[in-house]
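Both complexes shown next keep chain A, but they swap its partner, so chain B is in the first and chain C is in the second.
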Partner chain A sequence: MLTKEIKQQLTAIVGPENFADSKASQLVYSFDATPQFQAMPDAIVSPRNKVEVAEVVKCCSQHRIPLVPRGSGTNLSAGTTPQQGGIVLLFKHLDQIVEIDEENLTITTQPGVNTLELIEAVEAKGLFYPPDPSSMKISQIGGNINENSGGLRGLKYGVTRDYVMGLEIVLPNGEIIRTGGKLAKDVAGYDLTRLFVGSEGTLGIITEATLKLIPMPETKKTVLALYEDIDAAARTVSKIIASRIIPTTLEFLDQPTIKVVEEFSNIGLPTHVKAMLLIEQDGSTQTVEKDIEDISEICRENEAIEISVAKTEADAEALRTARRSALSALARLKPTTILEDATVPRSEIAKMVKAINQIARKYDVEICTFGHAGDGNLHPTCLTDARNKPEMERVEQAFEEIFQTAVDLGGTITGEHGVGAMKAPYLHLKLGEAGISAMQGVKQAFDPYNIMNPGKMFAKSSRKRVVVSP
Partner chain B sequence: MKTAEKQRIQQQFQEKMDYDELLNCMRCGFCLPSCPTYIESGKDEAHSPRGRIALMKAVVDGDIEPDEEVKRSLDMCLGCRACEPVCPSGVNYGHLLEQARDIIYQNQQPSLPVKALRKAAFKGLFPHHNRMIALTGMLGFYQRSGLQTIARKSGVMKMLPESMQLMETVLPSVPTSKLMKNRPRHLQPAATTKKKVAFFSGCLMDTVFLPTNDATAKLLQYAGCEIVIPETQACCGALHGHSGEKQQAKALAKRNIEAFEDTEVDYIITNAGGCGAFLVDYGHLLKDEEGWQTRAEKFASKIKDISSVLIELEFHKQNLVLENEVITYQDSCHLKNVQKTFMEPRQLLESIEGAAYVEMKDAGRCCGSAGIYNLVESEMSMQILDYKMKQTKAANAKTVVTANPGCLLQMKLGIEKEGLTKQIRAVHIVDLLLEAYENSNKQ
Partner chain C sequence: MLTKEIKQQLTAIVGPENFADSKASQLVYSFDATPQFQAMPDAIVSPRNKVEVAEVVKCCSQHRIPLVPRGSGTNLSAGTTPQQGGIVLLFKHLDQIVEIDEENLTITTQPGVNTLELIEAVEAKGLFYPPDPSSMKISQIGGNINENSGGLRGLKYGVTRDYVMGLEIVLPNGEIIRTGGKLAKDVAGYDLTRLFVGSEGTLGIITEATLKLIPMPETKKTVLALYEDIDAAARTVSKIIASRIIPTTLEFLDQPTIKVVEEFSNIGLPTHVKAMLLIEQDGSTQTVEKDIEDISEICRENEAIEISVAKTEADAEALRTARRSALSALARLKPTTILEDATVPRSEIAKMVKAINQIARKYDVEICTFGHAGDGNLHPTCLTDARNKPEMERVEQAFEEIFQTAVDLGGTITGEHGVGAMKAPYLHLKLGEAGISAMQGVKQAFDPYNIMNPGKMFAKSSRKRVVVSP
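Coming up: the complex of A and B.
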């Protein structure tokens, strides 16, 4: 609960129209896209500029009020649920592209700009910003930076982190700092830019970012390969990379996923096959032609039963759209859909897919798997019903085993969704206690009062839970 | 709102809301960019489909009370249902909204004037065709007698909200009572009979927009349809259903099902996207009425929009001619999002010789008309309309084509508001198609 005095302070900073604390407004900002996580904030505050952001942070620091920066709330790790109440901070007024610099190939933007609008703005100038999370139509770039979002093009082009060159940050004490800049080389001190990307709002508030752009690839081609054997598809993935070909995207869908996506988007996907690979390559026309030929050959050698190259851009776009909606389409099958993103080195893909199938059988739960197979980032997705408690317990156990298997194969518990409140109990699997301590030291240095998005990243106790909410 | 009132509403939410459907929303947020009120409210989750569903669920769960803010969030919804086609989980948002509104309105004591107005409109007017004619007749008297000129000059109109003032100026010249009363009941096709259809005339369309209904009948005749127009049909009930008057909507639905049941036609044709969408949903509306669901579904399966039947009968291959004009199309939300009819109108318009079809940006986004929304939520409606007019101007079109009476009035209102009445006209698609057909036959 905020005292009357604090409310007055906050209202004085942002203006009454940018402060809300009615029950309804608290409720609609109590969740994000993560199932089973919900917590009410005390108020929702929308500062109009960075100075107001700093004033709000100072006020929260003074009164030790939790502060949760939030974009469009599409993350899947309970990264923006206000676990300990406090203020949800919105960026609806910081929604301008500051500059597209065609000489240095950078874009400088405020955090509230929609990701797709940003991509379209740079593409209109023949430039390319590759990170393309599935939620890009909805998400804000500030949210992408805080979560270090990935996407379909990650295999070849990397993730959000690889494009952030500089940041403007309001620190938890209210000071405003700038890191990095329009510089390819910059070794002046610690790389705070990298530290803040993916810090999930636990270290400070990002109020501006300078992002790297690259020239738009000349052309792009899309291939679809179908398999009657899930292992054959996984082997193909490993073989393509081993052959020194790095496709833009290399996506994997298993049969249950294919069926649901087809039902949702009606684009003529065959639903009788066991696995599907969606492969894309971009670059110069010559390279693309050759790579696509080689890729098709590798698919054939690895027992693909059908290989087709999308004839038109419309065909290709329809296929990509289908993959993008995979997660949500799965939601049609059961009331509760839990999506994970255990990730392994790409050479271990076949082993991981097999292990997931075995684990699902062992615990008698339904798991569909799709994902960015090219970069080893799989999305084992569990279809269940939160009201069925015994099943939820088994889901819990299955996921724990999946995480452990991923780590054992040299992988990680989360490839792109983040830790948030959801994965915090599992972070030790990847980092060990010493690793967690080191990170907590960093957190303590920046945020001694623990006001920045508390309850995220670090678990309070060792009690594990992915799906059973408190 | 009083405590007892809130408790009653909460209890009925628990009894009547479809909880599986509420759970079906996984909060992915895919609906957000399609929601006009989310966009125009500066991305306020309380004015988004995801936020509204969360509020409904929270009321059922007892997490919050159904207070004024919750009601405000639901009132602010246009009901355009643009969130449905983009929802990967297939949440039927329209049904949830209707149910929630019905519970709130049936349990709330509205202020006296609002109550009187609702009663007059929903019970006293729309269901009674003769009264619609009488009122429209009065409007005609107002327009023709010189009263309109006096009203406008006297400044009385200035006392009304902006949308009402504008509405008064853009209402078409209405037909005389005599014309409205003597309607044909059976029409033969121009040449050979390809289909036998029934025509759903609608309450507004058969009074204020009578010439458009005449044009629809003519197009159907030219396309090869034998037409029956059952006399006992009534208002579709959409305005009631969307405004929390479900019982009345059900009564109207039953009347319509009975009126069309013995017609033995291939299709039942509508020319108003809003009516059509409500008619195809009669099965759901009457799902709890014993003995009605199957009859309702049979009725609903025959509903077809005029554009759709014209394409099926290859009317677009006829000679259609307009003189050098750029045209654009504003989707009717319910025609597009519920009846999934959006290619057909475009195909028809693109087939007109001499006309250049230009797609306006965000043609599928609501114009802000939304039944009586533009009168009761004037401010948001005008904000949404301003965006629409910006896109209309950018399309550089001389003619804006619509497929629903509400949209047509709203676009006319937008044109009037922007002072563009000399440059741009808004028309119903059937009026434009008839114009194009008759042009070519003159030549």
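Coming up: the complex of A and C.
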């Protein structure tokens, strides 16, 4: 609970219209896109500039109040739920694109800019910002940076981290620092830029970012390949990369996912097949033609039963949109949808998909799998009902086994969703105690009073869980 | 000075043949490639595996002995001089390529592998490891990782950091951790991988690294463009990028550099021109043809007086080798050569080159400039004589002004050489006190007893210097 004095202090900083602590507003910011996680904030503040952000941080530091920076809250790891109450800080007034620099190929932006709007602004200049998280229609770029968001184009173009060149950051002590810049090369000290990308708001608050852009690829093409055998699809993925072709996207959908996506999007996906690959290549016209030909040949050699190239960009966009809607489509089927992102080296995709299916059978739970096969980033998605306690127990056990299997195959517990509150109890599987301890040292160095998004990344207890009891 | 007991302890760990403390061996490791920096170690140890590395670290931690990991010592920032004595740790027994994984496109390597050997091993499989520091014939990959080395291909392909996917690290407390993996996407906690890349051996010792590889480009072509006007050359650089072409390399040499390089390499470079651009593009045959045509046209439009495409790969390699020899060539002219790497956004290249020339005149010192124009990473190189005290004073003043100018133009004090002991007094120009303080917090968290490469990155005094008095 905030005292009257603290409320007055915060209101004086951001203005009364940018401070809210009604029950209704608390409720709105008590959850994010993660099912089954909810915690009430004490208040919501929306600073109008970085100086106000710094003042809010100083106030929270002085009174040891938890502070949770939040974009649109589309994350799936309970990354922005205020686990220990306190203040949720919104970027809604920091919503300006500062500059698109066509000579240095950079965009400088405030954190509250919508991801898709940023992508479109850049594309209007013939430039390209590749990271494309499935939530990009709703998400904010500041949230993407905090979570190091991935997306469909990660295979060829990397993730958010690979495009962040410089940051303006308000540290937990209220100091404002700048890291990096419009510089392809900069080794002046530790790489704080990348340390902050993906730090989930636990080290400070990002108030501006300079992002790298690249020239817009000349053209792109999309292929759909259908399989009667999951193994054959996984083998195709490996063979494409091993033949030295790196497609822009290489997406995998299993049969249950195809069915619900088709039901949801109605674009004529074949629901009778066991697996589908959605493959896209971009680049110069000639390269794309050749790669798509070679890719089609590899699909054929690996027992695809049908291969079709999207005839128009509209057809291709319909396929991409359908794929991006997978979560929404799945979410309609059962009261509770738990989407995970266990990730393995791409050579282990087939093993991982098989293991997921075995684990689902073992624990008698329903798991569909789709995801970014090209970079080994799978989304096993459990359709369940949180009210069914015995089933939820089994869901937890199944996911713990999935995470352990991913790590055993040289993978990780989370490829692009982040640790948040949801995966904190599993972090040791990937890092070991010494690794966690090293990270806690970093956290302690930046945030000695643990005010920045407390309760995230590092688990208090070792109780494993993908869901909390409602 | 090491006590007899400590020497025995270290000898017991690595074996007597891998412990040295003779005057001769101390002398060999008292300097690196940085002129005018020298400091004597107490002993040199060469552990045979990571367990021995961890034992050495524990011994040094217990007795608070400085520990300096060192590859081939080719760095130019006094990054591996043992400023406070102690132990120099060599990677000579950790010199194995562990695996080239053609399915996941990775190489896993020990730190003591020679950079060029690694590149050649990878190319033999039709794969490509792009970072190509000029010292690559001598340097070790572990040193490249510690320094986040750049190179000629940085413009298109990025730097060492962009290729490090996972590390095995011995922490200052002797614990061994693993970060990342063969994973394009991994957000399990803070990005320790990138934090360690470029940390100059101040946070721990890297004992293994997994590096990303990409398919070998189909072909490459090299263009040489000559200018009677430095501005025109700089303008060409900006125009190429603004026209959405990202060449592999885009190197700039001014007249004094051309002259000495030609004298050194004798490959027929025209010494009468004011500036030269060496431009290379790689990719598919058609893309390369088109880009080289477009680049040539842009050179012509921007007043290049001569444009020639290298006819054979041998000719192109001669040009690249000549460019890489710039430092060696310049080093023959005067007793002392100080090569710097002030870096600016590429749009500011022309301003920066002009500023360097003005500053050289102002302080009456001889500075040649060459470097990676495409990424704004310039190498102003001062030819001087350390015995000439008054001139050295002026050299220091000139470089301080160059660093300040680079920062004023949105740049940095070091693009690819690192901070080391040499640039530590200038770090605040780029980071400010709050930024340095944040980095010192990280250092303290990992290395509370300050045993890892002490005296680097963070300046004890605020005395500015690019050289120390001999």
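The working rule: the second predicted complex is superposed on the first by the 467 of 470 C-alpha atoms of A that agree within 3 Å, B and C clash if a C-alpha of one lies under 4 Å from a C-alpha of the other, contacts with A are read in each partner's own complex, and residues count from 1 in each chain.
By our rule, contacts are C-beta pairs under 8 Å (C-beta built on N, C-alpha and C of every residue); 3 or more make two chains touch, one makes a residue touch a chain.
Every value quoted in this text rests on a predicted model; they were computed, and no experiment measured them.
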item	value
First (chain B), second (chain C), both or neither touched by A:28	first
First (chain B), second (chain C), both or neither touched by A:307	neither
Touching partner for A:97 - first (chain B), second (chain C), both, neither	neither
Contacts of A:121 with chain B and chain C, given as first, second, both or neither	neither
Chain B versus chain C as contact partner of A:159, first or second or both or neither	second
Larger contact residue set on chain A - chain B or chain C	C
Touching partner for A:137 - first (chain B), second (chain C), both, neither	first
Interface residues of chain A shared between complexes with chain B and chain C	none
Contacting residues of chain A [partner chain B, same complex]	22-25, 27-33, 35, 46, 72-74, 90, 92, 114, 135, 137-138, 264, 325, 327-329, 331-332, 335-337, 386
Residue ranges of chain C touching chain A (in the complex, touch as defined)	101-105, 126-127, 147-148, 150, 154-155, 158-159, 161-162, 171, 175-179, 181-192, 194-195, 197-199, 203, 214-216, 238, 241-242, 244-246, 283-284, 286-287, 290, 343-347, 372, 375-377, 410-419, 423, 427, 430-432, 434-439, 441-446, 457
Chain B residues within the chain A interface of the complex	20, 23-24, 26-30, 32-33, 42-43, 45-46, 48, 51, 54-55, 58, 63-65, 67, 69-70, 72-73, 87-90
